[in-house]
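Each of the next two complexes has subunit A plus one other chain: subunit B in the first, subunit C in the second.
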Partner chain A sequence: MIREFSSADLMFIVSAVRWTLILSGIAFLGGALGGLAVALARTAQGRLRRRIAAGFIQVFQGTPLLMQLFLVYFGLAVVGLPIDPLLAAAVALTLHASAYLGEIWRGAIEAVPPGQTEAATALSLSYKDRMRHVVLPQAMRLATAPTVGFLVQLIKGTSLASIIGFTELTRAGQIINNATFKPFLVFGTVAALYFVLCWPLSLLARRMEARMRLAVTR
Partner chain B sequence: MYQFNFQPVFGNLDLLLYGAWLTVRLSLMAMVLGLVVSVLGAVAKTSGIRPLRWLTDVYVEVIRNTPFLVQIFFIFFGLPAAGISMSPNTAALVALVVNVGAYGTEIIRAGIESIPRGQIEAGRALGLSPVQIFRHVVMVPALRNIYPSLTSQFIYLMLTSSVVSIISANDLASAGADLNARTFASFEIYLVLTILYFLLALGFSTLFGAIRRVFFTYPASR
Partner chain C sequence: MTEHAIIMRAVNKYYGAYHALVDIDLTVTRGERIVICGPSGSGKSTLIRTINQLEPIESGTIIVDGVELTAGGENVARVRQDVGMVFQSFNLFPHMTVLENCVLAPMKTRKIPRAEAEATARKYLERVRIPEQADKYPAQLSGGQQQRVAIARALCMKPRIMLFDEPTSALDPEMVKEVLDTMIDLAREGMTMLCVTHEMDFARAVADRVIFMDKGVIVEENAPDQFFGNPQNERLQNFLGQIA
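Moving on, here comes the complex of A and B:
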């Protein structure tokens, strides 16, 4: 049965934005924790830890997010967990975000002048204090712009969760399109909603980057 | 306990390898056409013609702030409603070119703007024609400056191209999906697919490194 596109359909699509935001939020928080661990391992003294972190980053940046999603989705059965689209999407996107944020933050940590670490060591600060009070606060300033930029990529990435059956914005659009068959209108609306989510973040990232560049050249 | 069964994968490895070849071909075509779109976009964006610049801005911002999956749905399902129908394979190529063109436009614009004005003036002083200046003084050094970002964008494009399997265009991911529908050895199939994509990414990265060494290194002495 094909029916007309009504305001209820529009509301269904708009309210699915909630799930896109929730999934993005989970992945970003999980990715921030994972990314910090990856970045610290990547810049650690021990060679083994550095290698493992580098391998993790290379694998997740060198394979499609879609394959990562499928692998986690079907992998849940392998480790004996119930196959749940939200769980699979959250785990896959968290791992994905950990790799990308880990690489971004590694760059930021390495960009902090080595004199800072040396000074902290000379003051006999422990590794934890050195990172927490000296290196990371400075690295954070450098990392904010690319981190916000990655958030845009992550929000767009959550659209792939629709393929393993999680009803977020894109899947909501598909469902309504199947019922009303107004693909131009439906996918146009879905695209406009993503744009509303992502564009302000893109502008923010660009503004931060410009301000950073000014601060560096000064 | 989960029983691994790799037989369906290794028994049909030829199908997957053929799929990998299709992904390579699709990506290469999208890279070449995408580069053309990117150069045109960058020229439009740095040109003094205001409506042209404005249009390019809209194109770049819209594409960069919406997911590729939604773009391909819009092109494959939405455009036929406006009278433009395409086969899945054509729609896949068009969507990839449109997508990578937007990112490429920004990258190449940054490259063009990295060329100091004095260099262009020097080209003019040497009596080069505007076309010669654009090609030898602006484009080649600009491409050299942005080569790393452009090629990593291209590798990202190859990885993104796996999404075209959703509209049943032919590529590595859709070869895997077909095999999955016949054998249900899902985890094993996607594990091997992921490894194949990883190898493709390594292959492209090696290829781009070789191209860089041949075309974009300064002669040591002349």
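Moving on, here comes the complex of A and C:
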């Protein structure tokens, strides 16, 4: 029962873009909060916190994202939660993004000259005020370009959620391909849509990097 | 209120196995101006950095303004509010204007309203003779101007003690004088000052006492005329011979 690739099929694929965007958005926002916590723990005084954060990063950078998706997906049932592909994908991608953003931001925090922290400390600013007003604003400038770069990776990474049955862009393509068997046309369309999402972000990241270089050399 | 600004007793500091400060005993009277000199690696910067606990110590006692430092976290914050510090590399916050640099700590730690903090900041910028730079960013200023902003920023906390860690070492020669003049003004107003510096003319002009350190030990301390005119220790004689 193979039918022709119709405009309805195209619309089905295009409308699945919103689930890719929603999943990317959730993972990025969750990952930003988690990543900030990981980065602060990694650069903290306490050795235990540093170790835990380092372990977290190593586990999530050292295992395939697909395995993380599987483990969270099947793990939900183990802890008594309903098996829901969106929930599983959101949790797994959030953890994944937390580890990567945590590592990017740790680097940015450590790249702020130690004299900045010393001066803030000598002025009797608390840890919170030092971070909020002195260190993080400077780290943020360094981190913007790599953070946008990671967002591109994350958007592409959401395609793996198709394997646990979440109907985002890639899974929509699979569904249509199963019915029409026009793999080159279908997945070509899917790839083009990813490119439309990611390319502007890549350009933005590159422009930010160029601006960073200017600011540093000034 | 005690007459002693700083009391250090048997202070020891290690970096791993390296003994950076060896049994330091030092008493600073209120209003006293002290210059600390010595070869690099002698522990002079480390010494003043222990006073506001930028460097924790392994043993001994430090009492700043009657508050004992080694006791715990709470005292450290109190002492830091009363002790201003100026660094060799200025360490201004590059993402803030000069004025914002000056008002941040008073607003956050002393909870002073913005308008009052800004008025104070402008007053001190006037005193270090750069009121017109208030709305510029640090990168737009010369080294000497940046260091004077750093002094004003520290003064905005209304400290009772000022620590200077080689404040002119990173400056081009023509800018050293403007910073030293600012420091001399401050000394004349009666500020308690500890300055790590190799500017011996400054030491002669304002110091009540000059301290020579070597290998983590206070080797010699004396009034400037004795210190320079009649040095006792051989290491100090060598040192003075090299920098003269």
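Criterion: the second predicted complex is superposed on the first by the 218 of 218 C-alpha atoms of A that agree within 3 Å, B and C clash if a C-alpha of one lies under 4 Å from a C-alpha of the other, contacts with A are read in each partner's own complex, and residues count from 1 in each chain.
Everything below uses one rule, namely that a contact is a pair of C-beta atoms (placed from the backbone, for glycine too) under 8 Å apart; a residue touches a chain by one contact, two chains touch by 3 or more.
Note that this is a predicted model, so its numbers are computed, not measured.
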Based on the superposed arrangement around subunit A, label subunit B with subunit C as either clash or fit.
-> fit
Could you tell me if A:202 is touching subunit B, subunit C, both of them or neither one (first, second, both, neither)?
-> first
Does subunit B (first) or subunit C (second) touch A:123, or do both, or does neither?
-> second
Please work out whether A:5 is in contact with subunit B alone, subunit C alone, both, or neither, and reply first, second, both or neither.
-> neither
Scan A:66 for contacts with subunit B and subunit C and give back first, second, both or neither.
-> first
A:177 contacts which: subunit B (first), subunit C (second), both, neither?
-> first
Which chain makes contact with more of the residues of subunit A, subunit B or else subunit C?
-> B
Could you say whether A:115 touches subunit B, subunit C, both of them, or neither, answering first, second, both or neither?
-> second
Go through the superposed model and pick first if A:138 touches only subunit B, second if only subunit C, both, or neither.
-> second
Of all C-alpha distances between subunit B and subunit C after superposition, which is the least, in Å?
-> 28
Touch list for subunit A against partner subunit C, complex = 113, 115-116, 118-126, 129, 133-134, 137-138, 141, 218
Which residues of subunit B touch subunit A in their complex?
-> 2, 61-62, 64-71, 73-74, 77-82, 155, 159-160, 162-163, 165-166, 173, 186-187, 190-191, 193-194, 197-198, 201-202
Across the complex, what residues on subunit C touch subunit A?
-> 52, 54, 77, 80-81, 83-85, 87, 89, 91-95, 104-105, 108-109, 139, 150, 153-154, 157
Please name which positions on subunit A make contact with subunit B in the complex.
-> 59, 62-68, 70-71, 74-75, 77-80, 152, 156-157, 159-160, 162-163, 170, 173-174, 177, 182-184, 186-188, 190-191, 194-195, 198-199, 202
